[in-house]
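Per-chain numbering from 1; labels A, B, C and D assigned in written order.
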Amino acid sequence: MATVIQIPLQIRFGDIDSYGHVNNVVYLQYLEDARVQLTHTALADAAGAGAEPHHSFYELVGPELFILVGRHEIEYLLPLQFRPTPVFVNIWVTKVGGSSFEFGYSVAEADGGTIYALAATSMVLVNRSTGRPVRLTDAQRHALETWSGDPVPFRRRAAAETALAGAK
Amino acid sequence: MATVIQIPLQIRFGDIDSYGHVNNVVYLQYLEDARVQLTHTALADAAGAGAEPHHSFYELVGPELFILVGRHEIEYLLPLQFRPTPVFVNIWVTKVGGSSFEFGYSVAEADGGTIYALAATSMVLVNRSTGRPVRLTDAQRHALETWSGDPVPFRRRAAAETALAGAK
Amino acid sequence: MATVIQIPLQIRFGDIDSYGHVNNVVYLQYLEDARVQLTHTALADAAGAGAEPHHSFYELVGPELFILVGRHEIEYLLPLQFRPTPVFVNIWVTKVGGSSFEFGYSVAEADGGTIYALAATSMVLVNRSTGRPVRLTDAQRHALETWSGDPVPFRRRAAAETALAGAK
Amino acid sequence: MATVIQIPLQIRFGDIDSYGHVNNVVYLQYLEDARVQLTHTALADAAGAGAEPHHSFYELVGPELFILVGRHEIEYLLPLQFRPTPVFVNIWVTKVGGSSFEFGYSVAEADGGTIYALAATSMVLVNRSTGRPVRLTDAQRHALETWSGDPVPFRRRAAAETALAGAK
């Protein structure tokens, strides 16, 4: 996997549900914050096609557009307990389309040795007024491609698709 | 679709994010509460194979087992705004396995005329001490089968799978 | 207590923390939703001084002003467990000032027999652009006065103040 | 103020409400996480009366007791916006009783130059089985006293109490 950004995220006491683990819903908030941290930080090496290293992806998008979530898929592999030290979200780009793109993630320990969840999100750029999709600019596309990596190694979906394929 | 249970859910002011819509993460909480409302309510017509109508599915599972989420998939179709009246989650069962089963959902208006999101969840029954899967009992299976319905009519996944199939 | 509005609120599974009770933070969200339900519902009997019964307090405030929270005080009296049926927030007004007012609340069973928490909030009306306080209109004041009731019967604060007074 | 512990807290995108600021309810979660970070970290200099520096306050309390919130009081001074860098919660102890104690907090910039909120919490130690208060041990008391500082400089309450005192 070429380029993976690793975002440390504090676990909150309130993330833990009555089962004593990080609640399944909260993982989606971790993914959201990984996206937001990534897009609010200076592009640095991902700058190009007109964007400066000090720009953030969020600034490239600007106040007139929304980046909306179109779809999430998440697999839970291991329960995650409360601890005062952060957990890590690895985030990368798995696809860049005309006005949409996809993030892949793993929620894991810093060294990648333990993976708590794998996930994928489809994002779409839309105009705030009209709600209609807007094409990615070259600078946006350049940043997304710098962040691109392998498909998410989902375990359960792969099994399902193999089964489907076998049934044909 | 044979049997769909419709659960009214209050939208909270805190569900609305800075974009002015129900945040994408919060939908997963709506799904969770639909599951919890369904499983904490008397089985009524879904009782059988030893369960009484006044039992809840939660009681059939008992305190020694967890019902864990293995996987979620969700598609966002329309933004949902704050309002003092509830939104509705339709919930049904799409698959029953040995120790696992799947829920399908739509987040929608009461009459089904407007659908905000479609989703699916894989659940697995595990022992709280060992963490190992536990087989569904006949009474649990009976209830789940009473609640069963059609596959979730995902729009984007369907397109992706068609593309995959075409590529073979 | 003259006029108390009672708002049913659904408990969410995610409201429960690892102690097995509704988390202390979540009560503040219940108070927020009681305020929002009250202010987004038609004024009915609280209309007057120019407001129509079909108006909501929120409409009287309009899009150019914020109603901000200045201060909260909350006492927790009994733990609250998850259940599929709602808990009730009783909400009333304890004070109306020039550009501010105060809500009193109890989080309780419908019949008032069990009280889980008592709380008070100072609200202030401010201009969204300048952030400066804005005077309540006659119609707003009329509604707030219709909703007014006794001071919140805090138990621990009262003790503290008696102690303070005794120490003088 | 003698001893103040400063806890950095990540702001989450989901903390921001439709007004574009950190929601008033979320501040209470920041206070909770400051308490939890403080009590889950090694005591270090606060060890004594039998506790070792590597122990945490949480370990001194043990699994048979709950530390419950009895009361919160919070004043909001300035709105707080989303940013990828943390905000800081300063936390200290303002009172130690027989089986209870009080925390004071400010939510602020690292240098204390900007204060977003001031708050206080009464905590009580109770037995998980009986729900009855349990006396603080010497080691717990020692740690709390090491963390002790000035009363919280509330602005609005002070005004109210002065008024009350004047009325006598």
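By definition in this document, contacts are C-beta pairs under 8 Å (C-beta built on N, C-alpha and C of every residue); 3 or more make two chains touch, one makes a residue touch a chain.
What you are looking at is a predicted structure, and each value in this text was computed from that prediction instead of being measured.
J.: Please report the minimal path length, in steps, between subunit A and subunit C on the chain touch graph.
T.: So the least number of steps between the two chains is 1.
J.: Check B-D against C-D and say which one is joined by more contacting C-beta pairs.
T.: C-D
J.: Return the distance between the CA-based centres of subunit B and subunit C, expressed in whole Å.
T.: So the centroids are 33 Å from each other.
J.: Using the average of all C-alpha atoms in each chain as its centre, how far is it in Å between subunit B and subunit D?
T.: Result: the chain centres lie 38 Å from each other.
J.: Centre to centre, by mean C-alpha position, how many angstrom separate subunit C and subunit D?
T.: Each chain's C-alpha centroid was found; their separation is 24 Å.
J.: Touching at least two other chains at once: which residues of subunit B meet that condition?
T.: 13-14, 23, 25, 29, 32, 82, in rising order.
J.: Under the touch definition given earlier, write down the residues of subunit B that touch subunit C in their complex.
T.: 9-10, 12-14, 29, 32-33, 36-37, 40-41, 82-84
J.: In the complex, go through subunit B and note every residue touching subunit A.
T.: Residues 19, 23-25, 28-29, 32, 66, 68-76, 122, 131, 156-157, 161, 164-165, 168 of subunit B touch subunit A in their complex.
J.: Please give the residue numbers of subunit D that touch subunit B in the complex, ascending.
T.: Contact set of subunit D toward subunit B: 13-14, 16-18, 20, 23, 25, 82.
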